[in-house]
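Heads up, the next two complexes both have chain A, just with different partners, chain B and then chain C.
This part shows the complex of A and B:
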C-alpha cells in the first residue's frame, strides 16, 4: 500500500466515524421528540418526586407489618411453586429443545417456538388474561409465574445442554449405551449445575415478578401494595415495598450461597 | 480366523471431504495394530466407522463373523459393547466418580432401564474395582474424575474400555494430549493389558517410534487410503516418507 492509498484509507475511516456519530445524534433527537422527553421537564419533576417520596411515603408504617406477613409468605409460596413446577416441566422440554439431545429437529423447532411464546408475552399480560378466565387470587398469580418460568428455563436449560462436552456423550454411546442411558449417565451429570443455577435464578426472578403479578390481581404482596396505593395509604404502601426489597435481598443472598456450594 | 474384516470402506462427509477411500483391513485376535499417518489422513474416521459412531458411506465390515454395516438399535449396542474405545481427550464424565466412569463400560450389557438409573450389579462393581487396582488407581476410585491428572484419566479410560470385556479396543490417539512420561505409562498399560487378556487393539498414533516399539503390525494411511501394511521391521524410513509424504502437504495440515 503506498502513501496515497494509506492517506485515502485513513480519510475514509474518519468519514465513517463522523457519519456514524451524526446518525446516532439524529436518532437520539428524533426519539426524544417522539417520546416527548425534555430535560427541563425532568428537572421540574424531580422536586415533586422527592416531596412525594419524603413526605407521603416515608416513614414506612411499621404497624401494618403484621398484616403484611401473610401476603409476603404468599409471594414466596407462589415463587417456590412456580420454580419447582417450572423447572421440572422445562427440564423435560429442554431435552427436546436442545440440538444436542433432541430426538428430531422438527420437535426442537416446535418446542422452541411454543416456549418462546410463554417467555415473550410479559407476565402482566398472562396474569390479566388468566384473571379474566379464573378470577383474582394467588392461584392465578402462580399460574402466570409458572408460564414465564417454563418459557425462561426451557431456553436457558437448552443452552446449557447445547454446551455440554459431546466427548463424554460419545464415550458412553461407544460403550453401547442406549439413548436414555446416555442421557442419564453422560448428559445429566453435565446438566445438573446449570439446572440448579438457572432454577435458583428463576426463583429470584419469580419473587420480583410476583409483585407485578399481584398488582394486576395475582395475590401476594403486590395485591396489598396496589390496594394501599389506590386508597392513598402511602406509608403502608412503602412498608410493603420495603418488605419486597427485604425478601428479594434475602432470597438473592441464599441462592448465591447455594449456587457457590454446588458449582 | 479373523476378528475384524473391512472391505472397500469409504466415507465421504456431506461437505465432500473424502476421509476414507476404498480401504481394506484385517485384524486377527490378539494383534496390536498401530495406524499411523498425517493429521487429516482419516485415522479417526476409520476407528469411528468401525464402531459406527460415524456412518460409513460404503463398504463391508465383518466383526466376529457378523456383518455389522446397517445394523441398528439393540444389535448395534451389542456390537459396540465388544469394542472398547479410548479417546485422545479421555472423554470421562468429569463430574462423577472414577468408579462410575469405569462402570459405564457395563451399560451395553444392562437393560436400558437399569442402566439409565445406574443400578450396577455387585459383581460389576467388584470387577470395576479390580480393574482400577490393575491400572493403579484403586485409592482414587471415589474421587471425581476431573480431580485426576491427564495420565490418570486416561488410565480410567483404559479401565472403562476393559470393563466392557471387549474383543477389540479402538484407541484414538490415546497419548496425543500427554507428556512423554505419562505417554510411556499409558502405552505400557494398554499393551500389557491387551496382551494378557488376549484383546486385539487398533491404535491410532502420531509417533512413529512408539508405533515401532509396541506394534505387532503397522498400517500406514495417507489421504484415506492404506499405503502400508506390514511388520514394524518392514517400515523403512523411505516408507515413512511415503506415508507422511509431500512435506508441503504436512506443513499445510499442521498450520
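This part shows the complex of A and C:
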C-alpha cells in the first residue's frame, strides 16, 4: 500500500467515524425530544434523587429485618428450584438444539425457535400471564423463572456443545459407539464445565430477576419492596433493597468461587 | 470454557511415570457439589410449599386465556407503537448516558491508569453497588423521587449501565499492553496524548462490543420498566392484562418480542463482524 492509498483509507475511516457519531447524535436528540428529556431536567432529577435517597430512604430500618427474612429466603428457594429444573430441561433440549449433536436439523430449528420465545419475552410478561392463570404467589414466580432459565440455558448450552472437540466424538464413533455411547463418553465430559458454569450464572440471573418477578405478583422480596414504597415506608423499603444487595453480592461471590475451582 | 478439569496438573505429569496415561480424575467439588445441589433443591421445594392442586386448575385457566388471546387485537396499534418508541428512546438515552459516565470513570478505575489506587478502589466498589441493585429497583426509587414518566426510566438504566460498563471498560483498559504505555511515556507524551494515541485505539473494539451488548440488555429492561410505572410499552402490557384485554395484551407482547428479538439479531451480527475483524 503506498502513501496515497493509505491516506485515502485513513480519510475514509475518519468519514465513517464522523458519520457514525452524527447518526448517534441524531438518535440521541430524537430520543430526547420524544421522551421529553433535557439536561436541566436530568440535573434536577439527579438532585432530587440524591435528596430522596439520603434524607427519606436512608438509613434502613433494621427492626423490619425479621419480617423480611422469609421473603428473602423465598427469593433464594425460587432461584434454586428454577436453576435446577431449568438446567436439566435445557440440558436435554440443548442436545437437540446444537448442530453437533442434534438428531435432525428440523428438530434443531424447532427447539431453537421455541426457546428463543422463552428468552426474548421478558420475565415480567411471563409472570403477568401466569399470575392471570395461577393467581399470586411463589408458584408463579418459580414457573416464570423456570421459563427464562430454559430460554437462556438452552442457547448457552447449545453454544458449548457446538464448540466441543469433534475429534473425540469421531474417535468413539469409529470404535463402534452408539449415539448414546458417543454422548456419554465423548460429549458429556467436554460439556460438563460449561454446563456448571452457565448454570451458576443462571442462578445469579434468577436471583436478580426474582425481584421484578415479585413486583408483579410472584412472591419474594420484590413484592415487599413495592408494597413498602407504595405505603411510603421508605426506610423499610431501603432495608429490603439492602437485603437484595446482600443476597446478590453473596450469590455472586459464591458462584465465582465455585466457578474458579471447577473451570 | 474448555474441558480442563479432568486433565492432570502439568507439574504432576513430570513426577509420575509416563508409561500409562493417568485416569481422568473426578473433581472432588463436583462429587460433593452435585448431591448438595440436589439436597438444596429438595429443601427449597419443601420450603416453598407449593399447592400442587392449583397447578392443574391453573393450566386449564391458562388454556382459556390463550384461547381468548387469539387473534391479537391490533386496534390500539398507534398507541402501542408510540409507547414502544418511548421505550426505545428511554433505552437509547439511558445507555448513552451510562456509556459517557462509564467512559470517564473507567480511566480512574483502571489500576494501570488511575492517579491513585484508593480512587480506583472507591469507583470500583461504587460500581459494584450500582450493579448489584437490579434496574427495576432503581426505577422504583427514581419514580418515588422524580415522579412518573420517562425520566426515572432513563435514570435507572443509566445507573445500572454505568455500574456494569465501568467494570468491563476498566478491565479492557487494564489489558492494554504495558509496553505501549511505557514507550509513549518515554517519548514525553502528555497523559491526554497517551490516552488518545496509545490506549483508545487498542480498546476501541472491546468498548464498542460492550456498548452494543449493554444496549441489547437495556432495551429489554426498558420494555419492562413500564410494568412498575416508568412509562413505555411495559405499562401498556400491564394495563391490558389488568383490564382482561388479553387479545390486546398479545399484540403488545408481540411488539415487545419483535423489538427485543430484532436487537438481538443485529447485535449478534455486529458481534460476529467484530470477531471477523479481530482475526
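Simple rule for what comes next: the second predicted complex is superposed on the first by the 239 of 263 C-alpha atoms of A that agree within 3 Å, B and C clash if a C-alpha of one lies under 4 Å from a C-alpha of the other, contacts with A are read in each partner's own complex, and residues count from 1 in each chain.
Note that in this section a residue touches a chain if its C-beta (ideal position, glycine included) is under 8 Å from a C-beta of that chain, and two chains touch if they have at least 3 such contacts.
Fair warning: this is a prediction, and the values are worked out from it, not measured in the lab.
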| item | value |
| --- | --- |
| Touched partner set for A:184, first chain B, second chain C, both or neither | first |
| Which of chain B and chain C A:216 touches, first, second, both or neither | second |
| First (chain B), second (chain C), both or neither touched by A:170 | first |
| First, second, both or neither for A:192, with chain B first and chain C second | both |
| In the superposition, chain B vs chain C on chain A residues touched | C |
| Chain B versus chain C as contact partner of A:201, first or second or both or neither | neither |
| Contacts of A:95 with chain B and chain C, given as first, second, both or neither | neither |
| Touching both chain C and chain B, counted on chain A across the two superposed complexes | 165, 189-190, 192-193 |
| Touching residues on chain A, where the partner in the complex is chain C | 24, 27-28, 30-32, 34-37, 41-42, 44-46, 48-49, 51-53, 57, 73-74, 76-78, 80-81, 84, 116-117, 120-125, 128-130, 132-135, 138-139, 142, 160, 164-165, 189-190, 192-194, 196-197, 208-209, 211-212, 215-216, 222, 225-226, 229, 234, 241, 244-245, 248-249, 252, 258, 261-263 |
| Residues of chain A that touch chain B when the two form their complex | 165, 167-168, 170-178, 180-181, 183-186, 189-190, 192-193 |
| Residues on chain C engaged by chain A in the complex (per definition of touch) | 1-6, 24, 27, 29-30, 33, 37-38, 40-41, 43-45, 47-48, 50-51, 54-55, 58-59, 61-62, 65, 85-86, 88-90, 92-93, 96-97, 128-129, 132-134, 136-137, 140-142, 144-146, 149-152, 154-155, 220, 223-224, 227-228, 234, 237-238, 241, 246, 249, 253, 256-257, 260-261, 264 |
| For the chain B and chain A complex, residues of the former touching the latter | 51, 53, 77-78, 80-81, 83-85, 87, 89, 91-96, 100, 104-105, 107-110, 112, 115-118, 157, 160-161, 164 |
